[in-house]
(Lines give C-alpha, C1' and ligand atoms only; values in the text may rest on other atoms or scores of the structure.)
Protein backbone atom coordinates (compact mmCIF):
# COMPACT_ATOMS: atom_id res chain seq x y z
CA UNK A 1 0.00 0.00 0.00
CA UNK A 2 2.85 2.39 0.81
CA UNK A 3 3.84 2.37 -2.90
CA UNK A 4 0.88 4.63 -3.73
CA UNK A 5 1.80 7.00 -0.88
CA UNK A 6 5.37 7.25 -2.14
CA UNK A 7 4.04 8.29 -5.56
CA UNK A 8 1.74 10.85 -3.98
CA UNK A 9 4.48 12.35 -1.77
CA UNK A 10 6.84 12.42 -4.76
CA UNK A 11 4.23 14.30 -6.78
CA UNK A 12 3.69 16.82 -3.97
CA UNK A 13 7.45 17.32 -3.49
CA UNK A 14 7.98 17.90 -7.21
CA UNK A 15 5.04 20.31 -7.36
CA UNK A 16 6.41 22.34 -4.45
CA UNK A 17 9.95 22.32 -5.84
CA UNK A 18 8.64 23.33 -9.29
CA UNK A 19 6.50 26.23 -8.12
CA UNK A 20 9.14 27.61 -5.72
CA UNK A 21 11.79 27.23 -8.40
CA UNK A 22 9.63 28.97 -11.01
CA UNK A 23 9.01 31.97 -8.72
CA UNK A 24 12.28 32.52 -6.86
CA UNK A 25 14.63 30.14 -8.65
CA UNK A 26 18.13 31.26 -9.69
CA UNK A 27 18.07 33.62 -12.74
CA UNK A 28 14.31 33.08 -13.07
CA UNK A 29 13.64 36.58 -14.38
CA UNK A 30 14.67 35.18 -17.75
CA UNK A 31 11.43 33.98 -19.42
CA UNK A 32 12.81 30.78 -20.99
CA UNK A 33 14.31 29.58 -17.71
CA UNK A 34 11.03 30.24 -15.93
CA UNK A 35 9.21 28.13 -18.54
CA UNK A 36 11.63 25.24 -17.90
CA UNK A 37 11.00 25.54 -14.16
CA UNK A 38 7.24 25.27 -14.62
CA UNK A 39 7.86 21.98 -16.49
CA UNK A 40 8.83 20.41 -13.13
CA UNK A 41 5.40 21.27 -11.74
CA UNK A 42 3.81 19.60 -14.78
CA UNK A 43 5.71 16.41 -14.04
CA UNK A 44 4.59 16.64 -10.41
CA UNK A 45 0.97 16.66 -11.61
CA UNK A 46 1.77 13.62 -13.79
CA UNK A 47 2.95 11.73 -10.68
CA UNK A 48 -0.24 12.59 -8.79
CA UNK A 49 -2.35 11.35 -11.71
CA UNK A 50 -0.28 8.16 -11.62
CA UNK A 51 -0.88 7.79 -7.87
CA UNK A 52 -4.66 8.02 -8.34
CA UNK A 53 -4.48 5.58 -11.32
CA UNK A 54 -5.93 8.16 -13.72
CA UNK A 55 -4.64 6.44 -16.87
CA UNK A 56 -6.51 8.53 -19.45
CA UNK A 57 -5.80 11.86 -17.73
CA UNK A 58 -2.09 11.04 -17.59
CA UNK A 59 -2.00 10.15 -21.30
CA UNK A 60 -3.75 13.37 -22.39
CA UNK A 61 -1.62 15.51 -20.04
CA UNK A 62 1.60 14.09 -21.52
CA UNK A 63 0.35 14.57 -25.09
CA UNK A 64 -0.93 18.12 -24.46
CA UNK A 65 2.26 19.03 -22.61
CA UNK A 66 4.24 18.78 -25.87
CA UNK A 67 1.87 21.12 -27.71
CA UNK A 68 1.74 23.50 -24.70
CA UNK A 69 5.53 23.77 -24.81
CA UNK A 70 5.33 24.60 -28.52
CA UNK A 71 2.86 27.45 -27.97
CA UNK A 72 4.68 28.90 -24.95
CA UNK A 73 8.07 28.77 -26.66
CA UNK A 74 6.64 30.54 -29.71
CA UNK A 75 5.13 33.21 -27.46
CA UNK A 76 8.47 33.74 -25.67
CA UNK A 77 10.37 34.05 -28.98
CA UNK A 78 7.91 36.55 -30.46
CA UNK A 79 7.97 38.51 -27.20
CA UNK A 80 11.77 38.54 -27.25
CA UNK A 81 11.73 40.02 -30.77
CA UNK A 82 9.21 42.80 -30.09
CA UNK A 83 10.31 43.54 -26.55
CA UNK A 84 12.55 46.38 -27.65
CA UNK A 85 9.63 48.82 -28.19
CA UNK A 86 8.29 48.43 -24.63
CA UNK A 87 11.69 49.29 -23.13
CA UNK A 88 11.91 52.59 -24.99
CA UNK A 89 8.40 53.61 -23.87
CA UNK A 90 9.13 52.88 -20.22
CA UNK A 91 12.40 54.88 -20.25
CA UNK B 1 25.20 -19.88 -5.69
CA UNK B 2 25.94 -16.13 -5.74
CA UNK B 3 29.54 -16.70 -6.87
CA UNK B 4 28.39 -18.70 -9.91
CA UNK B 5 26.04 -15.87 -10.97
CA UNK B 6 28.80 -13.27 -10.66
CA UNK B 7 31.22 -15.38 -12.69
CA UNK B 8 28.59 -15.92 -15.42
CA UNK B 9 27.81 -12.20 -15.39
CA UNK B 10 31.46 -11.22 -15.84
CA UNK B 11 31.97 -13.75 -18.64
CA UNK B 12 28.85 -12.48 -20.42
CA UNK B 13 30.12 -8.92 -19.92
CA UNK B 14 33.45 -9.71 -21.55
CA UNK B 15 31.73 -11.48 -24.47
CA UNK B 16 29.37 -8.51 -25.01
CA UNK B 17 32.25 -6.02 -24.73
CA UNK B 18 34.35 -7.85 -27.33
CA UNK B 19 31.33 -8.36 -29.59
CA UNK B 20 30.13 -4.77 -29.82
CA UNK B 21 33.57 -3.09 -29.79
CA UNK B 22 34.84 -5.23 -32.67
CA UNK B 23 31.68 -4.81 -34.75
CA UNK B 24 31.57 -1.05 -34.14
CA UNK B 25 35.24 -0.60 -34.94
CA UNK B 26 34.89 -2.74 -38.08
CA UNK B 27 31.94 -0.68 -39.30
CA UNK B 28 33.93 2.49 -39.07
CA UNK B 29 32.49 4.24 -36.00
CA UNK B 30 35.78 5.75 -34.75
CA UNK B 31 36.66 7.07 -38.21
CA UNK B 32 34.27 9.95 -38.68
CA UNK B 33 31.40 11.26 -36.56
CA UNK B 34 28.18 10.00 -38.15
CA UNK B 35 26.14 12.94 -36.87
CA UNK B 36 27.11 16.50 -35.96
CA UNK B 37 26.54 15.80 -32.27
CA UNK B 38 29.25 13.13 -32.14
CA UNK B 39 31.86 15.73 -33.15
CA UNK B 40 31.13 17.76 -30.00
CA UNK B 41 31.61 14.77 -27.74
CA UNK B 42 34.76 13.74 -29.61
CA UNK B 43 36.34 17.17 -29.19
CA UNK B 44 35.32 17.31 -25.55
CA UNK B 45 36.94 13.91 -24.91
CA UNK B 46 40.06 15.15 -26.70
CA UNK B 47 40.10 18.23 -24.45
CA UNK B 48 40.24 16.13 -21.28
CA UNK B 49 43.15 14.14 -22.68
CA UNK B 50 41.48 11.22 -24.42
CA UNK B 51 41.91 9.97 -27.97
CA UNK B 52 39.93 11.73 -30.73
CA UNK B 53 38.94 8.50 -32.49
CA UNK B 54 37.85 7.00 -29.17
CA UNK B 55 35.82 10.17 -28.61
CA UNK B 56 34.14 9.79 -32.01
CA UNK B 57 33.38 6.16 -31.06
CA UNK B 58 31.67 7.25 -27.81
CA UNK B 59 29.90 10.11 -29.60
CA UNK B 60 28.51 7.70 -32.17
CA UNK B 61 27.31 5.39 -29.38
CA UNK B 62 25.41 8.29 -27.78
CA UNK B 63 23.95 9.76 -30.91
CA UNK B 64 22.88 6.83 -33.07
CA UNK B 65 22.01 3.31 -31.91
CA UNK B 66 24.83 1.04 -33.08
CA UNK B 67 26.15 -2.40 -32.14
CA UNK B 68 25.90 -1.67 -28.43
CA UNK B 69 22.20 -0.87 -28.75
CA UNK B 70 21.69 -3.85 -31.04
CA UNK B 71 23.44 -6.15 -28.60
CA UNK B 72 21.46 -4.93 -25.62
CA UNK B 73 18.05 -5.01 -27.33
CA UNK B 74 18.68 -8.38 -28.95
CA UNK B 75 19.71 -9.90 -25.61
CA UNK B 76 16.59 -8.36 -24.00
CA UNK B 77 14.32 -9.87 -26.65
CA UNK B 78 16.19 -13.19 -26.43
CA UNK B 79 15.57 -13.22 -22.68
CA UNK B 80 11.86 -12.50 -23.20
CA UNK B 81 11.01 -14.42 -26.37
CA UNK B 82 13.87 -16.73 -27.31
CA UNK B 83 15.62 -16.79 -30.70
CA UNK B 84 12.81 -15.17 -32.72
CA UNK B 85 12.98 -12.22 -30.33
CA UNK B 86 16.53 -11.57 -31.55
CA UNK B 87 15.31 -11.30 -35.15
CA UNK B 88 12.54 -8.90 -34.13
CA UNK B 89 15.13 -6.83 -32.23
CA UNK B 90 17.34 -6.72 -35.35
CA UNK B 91 14.40 -5.37 -37.38
CA UNK B 92 13.48 -2.74 -34.77
CA UNK B 93 17.12 -1.66 -34.38
CA UNK B 94 17.40 -1.23 -38.17
CA UNK B 95 14.29 1.01 -38.10
CA UNK B 96 15.75 2.94 -35.14
CA UNK B 97 19.02 3.37 -37.03
CA UNK B 98 17.24 4.73 -40.08
CA UNK B 99 15.39 7.23 -37.84
CA UNK B 100 18.71 8.48 -36.48
CA UNK B 101 20.35 8.96 -39.92
CA UNK B 102 22.61 5.92 -39.63
CA UNK B 103 23.10 3.29 -42.36
CA UNK B 104 22.21 0.60 -39.83
CA UNK B 105 24.89 -2.00 -40.53
CA UNK B 106 26.47 -2.00 -37.05
CA UNK B 107 23.28 -2.30 -34.98
CA UNK B 108 21.74 -5.07 -37.01
CA UNK B 109 24.89 -7.18 -37.29
CA UNK B 110 25.46 -6.73 -33.54
CA UNK B 111 21.95 -7.96 -32.82
CA UNK B 112 22.38 -11.02 -35.04
CA UNK B 113 25.77 -12.00 -33.62
CA UNK B 114 24.58 -11.78 -30.00
CA UNK B 115 21.50 -13.85 -30.96
CA UNK B 116 23.84 -16.49 -32.38
CA UNK B 117 26.07 -16.40 -29.27
CA UNK B 118 23.09 -16.73 -26.92
CA UNK B 119 21.71 -19.60 -28.99
CA UNK B 120 25.07 -21.40 -28.80
CA UNK B 121 25.67 -20.76 -25.06
CA UNK B 122 22.04 -21.49 -24.20
CA UNK B 123 22.45 -24.16 -21.46
CA UNK B 124 25.59 -22.68 -19.88
CA UNK B 125 24.88 -18.92 -19.58
CA UNK B 126 21.25 -17.83 -19.76
CA UNK B 127 20.13 -14.79 -21.79
CA UNK B 128 19.49 -12.84 -18.58
CA UNK B 129 23.21 -12.73 -17.80
CA UNK B 130 23.90 -11.22 -21.21
CA UNK B 131 21.59 -8.30 -20.40
CA UNK B 132 23.56 -7.58 -17.22
CA UNK B 133 26.84 -8.25 -19.04
CA UNK B 134 25.97 -5.69 -21.70
CA UNK B 135 25.25 -3.11 -19.00
CA UNK B 136 28.68 -3.83 -17.43
CA UNK B 137 30.30 -3.49 -20.87
CA UNK B 138 28.69 -0.12 -21.65
CA UNK B 139 29.38 1.05 -18.09
CA UNK B 140 33.07 0.24 -18.53
CA UNK B 141 33.20 2.43 -21.67
CA UNK B 142 30.86 5.32 -20.96
CA UNK B 143 30.20 5.42 -17.29
CA UNK B 144 33.42 4.54 -15.53
CA UNK B 145 36.25 6.68 -16.88
CA UNK B 146 36.15 8.54 -20.20
CA UNK B 147 39.83 9.36 -20.67
CA UNK B 148 41.30 5.87 -20.49
CA UNK B 149 38.32 4.28 -22.24
CA UNK B 150 38.78 6.54 -25.25
CA UNK B 151 42.55 5.91 -25.29
CA UNK B 152 41.86 2.16 -25.28
CA UNK B 153 39.28 2.52 -28.07
CA UNK B 154 41.73 4.63 -30.04
CA UNK B 155 44.33 1.86 -29.79
CA UNK B 156 41.83 -0.76 -30.95
CA UNK B 157 40.72 1.46 -33.82
CA UNK B 158 44.35 1.96 -34.88
CA UNK B 159 45.00 -1.77 -34.69
CA UNK B 160 42.05 -2.46 -37.01
CA UNK B 161 43.27 0.38 -39.27
CA UNK B 162 40.10 2.38 -38.78
CA UNK B 163 41.54 5.20 -36.70
CA UNK B 164 44.28 7.46 -38.12
CA UNK C 1 11.97 -27.61 -35.05
CA UNK C 2 12.55 -28.40 -38.73
CA UNK C 3 9.23 -26.69 -39.54
CA UNK C 4 10.47 -23.37 -38.10
CA UNK C 5 13.72 -23.45 -40.08
CA UNK C 6 11.69 -24.28 -43.19
CA UNK C 7 9.52 -21.19 -42.59
CA UNK C 8 12.62 -19.01 -42.21
CA UNK C 9 14.11 -20.39 -45.44
CA UNK C 10 10.87 -19.80 -47.35
CA UNK C 11 10.63 -16.18 -46.25
CA UNK C 12 14.33 -15.66 -47.02
CA UNK C 13 14.07 -17.07 -50.55
CA UNK C 14 10.86 -15.20 -51.39
CA UNK C 15 12.37 -11.92 -50.19
CA UNK C 16 15.49 -12.42 -52.32
CA UNK C 17 13.40 -13.38 -55.38
CA UNK C 18 11.06 -10.39 -54.97
CA UNK C 19 14.03 -8.07 -54.38
CA UNK C 20 15.64 -9.34 -57.60
CA UNK C 21 12.36 -8.63 -59.41
CA UNK C 22 12.32 -5.12 -57.97
CA UNK C 23 15.89 -4.61 -59.29
CA UNK C 24 17.47 -4.02 -55.87
CA UNK C 25 21.29 -4.04 -56.37
CA UNK C 26 23.12 -7.05 -54.94
CA UNK C 27 25.85 -4.88 -53.38
CA UNK C 28 25.54 -1.10 -52.81
CA UNK C 29 27.30 0.85 -55.54
CA UNK C 30 28.85 3.57 -53.34
CA UNK C 31 32.25 2.10 -52.58
CA UNK C 32 32.83 2.35 -48.80
CA UNK C 33 29.91 -0.03 -48.22
CA UNK C 34 29.79 0.66 -44.49
CA UNK C 35 28.81 4.32 -44.95
CA UNK C 36 26.41 3.93 -47.87
CA UNK C 37 22.69 4.38 -47.32
CA UNK C 38 21.64 2.30 -50.32
CA UNK C 39 19.70 -0.84 -49.52
CA UNK C 40 20.98 -4.02 -51.14
CA UNK C 41 19.99 -7.66 -51.38
CA UNK C 42 22.81 -8.74 -49.10
CA UNK C 43 22.22 -6.42 -46.19
CA UNK C 44 18.76 -5.29 -45.20
CA UNK C 45 16.46 -7.57 -47.22
CA UNK C 46 17.04 -10.90 -45.41
CA UNK C 47 17.08 -9.26 -41.99
CA UNK C 48 13.82 -7.42 -42.67
CA UNK C 49 12.23 -10.58 -44.05
CA UNK C 50 13.28 -12.68 -41.04
CA UNK C 51 12.16 -9.97 -38.61
CA UNK C 52 8.73 -9.55 -40.21
CA UNK C 53 8.36 -13.33 -40.45
CA UNK C 54 9.17 -13.70 -36.75
CA UNK C 55 6.57 -11.04 -35.89
CA UNK C 56 3.88 -12.65 -38.04
CA UNK C 57 4.68 -16.11 -36.69
CA UNK C 58 4.55 -14.80 -33.14
CA UNK C 59 1.19 -13.12 -33.71
CA UNK C 60 -0.67 -15.63 -35.90
CA UNK C 61 1.13 -18.98 -35.57
CA UNK C 62 3.23 -21.18 -37.88
CA UNK C 63 1.61 -21.00 -41.34
CA UNK C 64 3.38 -21.39 -44.67
CA UNK C 65 1.64 -18.53 -46.49
CA UNK C 66 2.66 -16.12 -43.70
CA UNK C 67 6.28 -16.79 -44.65
CA UNK C 68 5.55 -15.79 -48.25
CA UNK C 69 3.81 -12.59 -47.11
CA UNK C 70 6.73 -11.78 -44.81
CA UNK C 71 9.23 -12.25 -47.64
CA UNK C 72 7.17 -9.94 -49.85
CA UNK C 73 6.93 -7.23 -47.19
CA UNK C 74 10.65 -7.53 -46.44
CA UNK C 75 11.60 -6.93 -50.06
CA UNK C 76 9.12 -4.05 -50.43
CA UNK C 77 10.31 -2.37 -47.23
CA UNK C 78 13.95 -2.64 -48.25
CA UNK C 79 13.21 -1.34 -51.75
CA UNK C 80 11.28 1.76 -50.57
CA UNK C 81 13.26 2.40 -47.34
CA UNK C 82 14.72 5.64 -48.67
CA UNK C 83 11.30 7.13 -49.32
CA UNK C 84 10.02 5.93 -45.96
CA UNK C 85 12.89 7.20 -43.80
CA UNK C 86 14.06 10.08 -45.96
CA UNK C 87 17.05 10.06 -48.26
CA UNK C 88 20.19 11.26 -46.49
CA UNK D 1 11.60 -3.34 -2.64
CA UNK D 2 11.65 -3.18 -6.44
CA UNK D 3 14.92 -1.90 -7.92
CA UNK D 4 13.11 -0.01 -10.73
CA UNK D 5 11.10 1.89 -8.11
CA UNK D 6 14.15 3.01 -6.14
CA UNK D 7 16.12 4.05 -9.23
CA UNK D 8 13.26 6.02 -10.83
CA UNK D 9 12.38 7.65 -7.48
CA UNK D 10 15.95 8.90 -6.93
CA UNK D 11 16.04 9.89 -10.61
CA UNK D 12 12.88 12.00 -10.26
CA UNK D 13 14.02 13.81 -7.14
CA UNK D 14 17.50 14.56 -8.48
CA UNK D 15 16.05 15.49 -11.89
CA UNK D 16 13.58 17.91 -10.27
CA UNK D 17 16.31 19.50 -8.12
CA UNK D 18 18.64 19.63 -11.11
CA UNK D 19 16.17 21.51 -13.29
CA UNK D 20 15.86 24.21 -10.64
CA UNK D 21 19.49 24.49 -9.55
CA UNK D 22 21.27 24.44 -12.92
CA UNK D 23 21.43 27.85 -14.56
CA UNK D 24 22.42 27.05 -18.14
CA UNK D 25 19.21 26.20 -20.09
CA UNK D 26 20.84 23.21 -21.83
CA UNK D 27 21.75 21.70 -18.45
CA UNK D 28 18.13 22.29 -17.44
CA UNK D 29 16.90 20.46 -20.55
CA UNK D 30 19.23 17.51 -19.82
CA UNK D 31 17.82 17.37 -16.27
CA UNK D 32 14.32 17.53 -17.76
CA UNK D 33 15.21 14.44 -19.82
CA UNK D 34 16.39 12.79 -16.60
CA UNK D 35 13.06 13.67 -14.95
CA UNK D 36 11.25 12.14 -17.92
CA UNK D 37 13.29 8.94 -17.43
CA UNK D 38 12.05 8.77 -13.84
CA UNK D 39 8.45 9.32 -14.94
CA UNK D 40 8.65 6.51 -17.52
CA UNK D 41 10.22 4.21 -14.89
CA UNK D 42 7.33 4.93 -12.51
CA UNK D 43 4.71 4.39 -15.24
CA UNK D 44 6.25 1.04 -16.16
CA UNK D 45 6.48 0.00 -12.51
CA UNK D 46 2.70 0.41 -12.23
CA UNK D 47 2.21 -1.67 -15.39
CA UNK D 48 0.70 1.00 -17.66
CA UNK D 49 2.70 -0.11 -20.72
CA UNK D 50 0.70 1.78 -23.36
CA UNK D 51 1.08 5.06 -21.46
CA UNK D 52 4.81 4.29 -21.23
CA UNK D 53 4.98 3.97 -25.05
CA UNK D 54 3.09 7.23 -25.62
CA UNK D 55 5.16 9.02 -22.97
CA UNK D 56 8.44 7.79 -24.41
CA UNK D 57 7.37 8.95 -27.90
CA UNK D 58 6.28 12.37 -26.60
CA UNK D 59 9.54 12.90 -24.68
CA UNK D 60 11.81 13.56 -27.70
CA UNK D 61 9.12 15.73 -29.29
CA UNK D 62 8.91 18.10 -26.31
CA UNK D 63 12.72 18.09 -25.89
CA UNK D 64 13.28 18.97 -29.57
CA UNK D 65 10.66 21.75 -29.34
CA UNK D 66 12.40 23.21 -26.27
CA UNK D 67 15.85 22.94 -27.91
CA UNK D 68 14.75 24.62 -31.16
CA UNK D 69 13.02 27.33 -29.12
CA UNK D 70 16.15 27.89 -27.07
CA UNK D 71 18.35 28.20 -30.19
CA UNK D 72 15.97 30.76 -31.74
CA UNK D 73 15.68 32.60 -28.40
CA UNK D 74 19.47 32.82 -28.15
CA UNK D 75 19.89 34.10 -31.72
CA UNK D 76 17.25 36.84 -31.22
CA UNK D 77 18.92 37.91 -27.94
CA UNK D 78 22.37 37.94 -29.55
CA UNK D 79 21.07 39.89 -32.58
CA UNK D 80 19.39 42.44 -30.28
CA UNK D 81 22.54 42.81 -28.11
CA UNK D 82 24.73 43.27 -31.21
CA UNK D 83 22.54 46.15 -32.55
CA UNK D 84 21.75 47.57 -29.10
CA UNK D 85 18.99 50.20 -28.91
CA UNK D 86 19.42 51.96 -32.29
CA UNK D 87 18.24 49.29 -34.73
CA UNK D 88 19.45 49.83 -38.34
CA UNK D 89 17.13 52.24 -40.15
CA UNK D 90 16.05 49.61 -42.67
CA UNK D 91 14.29 47.57 -40.10
CA UNK D 92 12.71 50.45 -38.15
CA UNK E 1 16.81 -9.68 -4.58
CA UNK E 2 18.31 -10.91 -7.85
CA UNK E 3 22.05 -10.25 -8.29
CA UNK E 4 21.65 -8.98 -11.88
CA UNK E 5 18.97 -6.42 -11.04
CA UNK E 6 21.06 -5.34 -8.06
CA UNK E 7 24.12 -4.70 -10.21
CA UNK E 8 22.08 -2.85 -12.87
CA UNK E 9 20.30 -0.81 -10.19
CA UNK E 10 23.61 0.15 -8.56
CA UNK E 11 25.08 1.23 -11.90
CA UNK E 12 21.93 3.23 -12.69
CA UNK E 13 22.10 5.03 -9.32
CA UNK E 14 25.80 5.77 -9.89
CA UNK E 15 24.93 7.24 -13.30
CA UNK E 16 22.17 9.44 -11.84
CA UNK E 17 24.55 10.90 -9.26
CA UNK E 18 27.30 11.43 -11.86
CA UNK E 19 24.88 13.22 -14.20
CA UNK E 20 23.90 15.54 -11.34
CA UNK E 21 27.50 16.29 -10.36
CA UNK E 22 29.59 16.62 -13.54
CA UNK E 23 30.07 20.10 -14.95
CA UNK E 24 30.69 19.57 -18.66
CA UNK E 25 27.61 19.01 -20.83
CA UNK E 26 29.15 16.47 -23.20
CA UNK E 27 30.05 14.12 -20.35
CA UNK E 28 26.52 14.52 -18.95
CA UNK E 29 25.28 13.16 -22.29
CA UNK E 30 27.55 10.12 -22.02
CA UNK E 31 26.23 9.35 -18.54
CA UNK E 32 22.64 9.95 -19.73
CA UNK E 33 23.17 7.39 -22.52
CA UNK E 34 24.53 4.83 -20.04
CA UNK E 35 21.60 5.52 -17.70
CA UNK E 36 19.21 4.99 -20.62
CA UNK E 37 20.84 1.57 -21.23
CA UNK E 38 20.33 0.66 -17.56
CA UNK E 39 16.70 1.82 -17.39
CA UNK E 40 15.84 -0.02 -20.62
CA UNK E 41 17.33 -3.24 -19.20
CA UNK E 42 15.51 -2.72 -15.88
CA UNK E 43 12.19 -2.22 -17.69
CA UNK E 44 12.71 -5.44 -19.66
CA UNK E 45 13.69 -7.41 -16.53
CA UNK E 46 10.74 -5.98 -14.56
CA UNK E 47 8.01 -6.60 -17.13
CA UNK E 48 8.63 -10.17 -18.21
CA UNK E 49 6.20 -10.17 -21.13
CA UNK E 50 7.15 -9.49 -24.82
CA UNK E 51 5.23 -6.19 -24.58
CA UNK E 52 7.82 -5.12 -21.99
CA UNK E 53 10.52 -5.80 -24.59
CA UNK E 54 8.73 -3.59 -27.10
CA UNK E 55 8.39 -0.81 -24.50
CA UNK E 56 12.13 -1.12 -23.69
CA UNK E 57 13.10 -0.85 -27.38
CA UNK E 58 10.82 2.15 -28.07
CA UNK E 59 12.05 3.87 -24.90
CA UNK E 60 15.70 3.26 -25.83
CA UNK E 61 15.33 4.62 -29.38
CA UNK E 62 13.43 7.70 -28.16
CA UNK E 63 16.12 8.32 -25.52
CA UNK E 64 18.80 8.07 -28.21
CA UNK E 65 16.84 10.60 -30.32
CA UNK E 66 16.73 12.97 -27.30
CA UNK E 67 20.46 12.79 -26.61
CA UNK E 68 21.11 13.13 -30.35
CA UNK E 69 19.09 16.37 -30.43
CA UNK E 70 20.83 17.71 -27.30
CA UNK E 71 24.29 16.96 -28.72
CA UNK E 72 23.32 18.70 -32.00
CA UNK E 73 22.12 21.75 -30.06
CA UNK E 74 25.31 21.91 -27.97
CA UNK E 75 27.25 22.03 -31.24
CA UNK E 76 25.06 24.82 -32.64
CA UNK E 77 25.01 26.86 -29.43
CA UNK E 78 28.82 26.65 -29.11
CA UNK E 79 29.15 28.78 -32.26
CA UNK E 80 26.70 31.42 -31.02
CA UNK E 81 28.28 31.91 -27.56
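Note that the chains take the letters A, B, C, D and E in the order they are written out, and that residue 1 is the start of every chain.
Everything that follows uses one rule, which is that a residue touches a chain if its C-beta (ideal position, glycine included) is under 8 Å from a C-beta of that chain, and two chains touch if they have at least 3 such contacts.
Computed from a predicted model, the values in this text were never measured in an experiment.
Asker: Starting at subunit B, how many touch steps does it take at minimum to reach subunit D?
Answerer: 2
Asker: Select the chain at the greatest separation from subunit A, using centres from the mean of Cα atoms.
Answerer: Comparing chain centres, C lies farthest from subunit A.
Asker: From the centre of subunit E, which chain's CA centre is farthest?
Answerer: Farthest by centroid: C.
Asker: Quick check on this structure: which chain has its C-alpha centroid closest to the centroid of all protein C-alpha atoms?
Answerer: Most central by this criterion: E.
Asker: Between subunit B and subunit E, tell me the centre distance in angstrom, where each centre is the average of that chain's C-alpha atoms.
Answerer: Chain centres of subunit B and subunit E, defined by C-alpha means, are spaced 14 Å apart.
Asker: Per the centroid of Cα atoms for each chain, what is the distance between subunit A and subunit E, given in Å?
Answerer: Roughly 23 Å separates the two chain centres.
Asker: In angstrom, rounded to a whole number, how far apart do the mean CA points of subunit A and subunit C lie?
Answerer: 45
Asker: Which subunit D residues sit where two or more other chains touch them?
Answerer: 17, 29, 70
Asker: Could you list which residues of subunit A touch at least two other chains?
Answerer: If we look for residues of subunit A contacting two or more partner chains, we find none.
Asker: Note the residues in subunit C that touch 2 or more other chains, in rising order.
Answerer: 58
Asker: If every chain is a node and every touching pair an edge, decide which shape results: line, ring, star, complete or other.
Answerer: Chain contacts: open path, no cycle.
Asker: Chain pairs in touch?
Answerer: Chain-chain contacts present: A-D, B-C, B-E, D-E.
Asker: Inside the complex, what are the residues of subunit B that reach subunit E?
Answerer: Residues 2, 5-6, 9, 35-41, 44-45, 48, 58-59, 61-65, 68-69, 72-73, 76-77, 79-81, 85, 89, 92-93, 96, 99-100, 128-129, 131-132, 134-136, 138-139, 142-143, 146 of subunit B touch subunit E in their complex.
Asker: Which of the residues in subunit D end up touching subunit E in this complex?
Answerer: 2-4, 6-8, 10-11, 14, 17-18, 24, 26-27, 29-31, 33-34, 37, 40-41, 44-45, 47, 49, 52-53, 56-57, 59-60, 63-64, 67, 70-71, 74-75, 78
Asker: Can you list the residues on subunit C that touch subunit B in the complex?
Answerer: 32-37, 43-44, 47-48, 50-55, 57-58, 81, 84-85, 88
Asker: In their complex, what parts of subunit D are in touch with subunit A?
Answerer: 5, 9, 12-13, 16-17, 19-21, 23, 25, 28-29, 32, 35-36, 39, 42-43, 46, 48, 50-51, 54-55, 58, 61-62, 65-66, 68-70, 72-73, 76-77, 80, 85, 87
Asker: Touching subunit B in the complex: which residues of subunit E?
Answerer: Where subunit E meets subunit B, its residues are 3-4, 7-8, 11, 14-15, 18, 24, 26-27, 29-34, 37-38, 40-41, 44-45, 48-50, 52-54, 56-57, 60-61, 64-65, 67-72, 74-75, 78.
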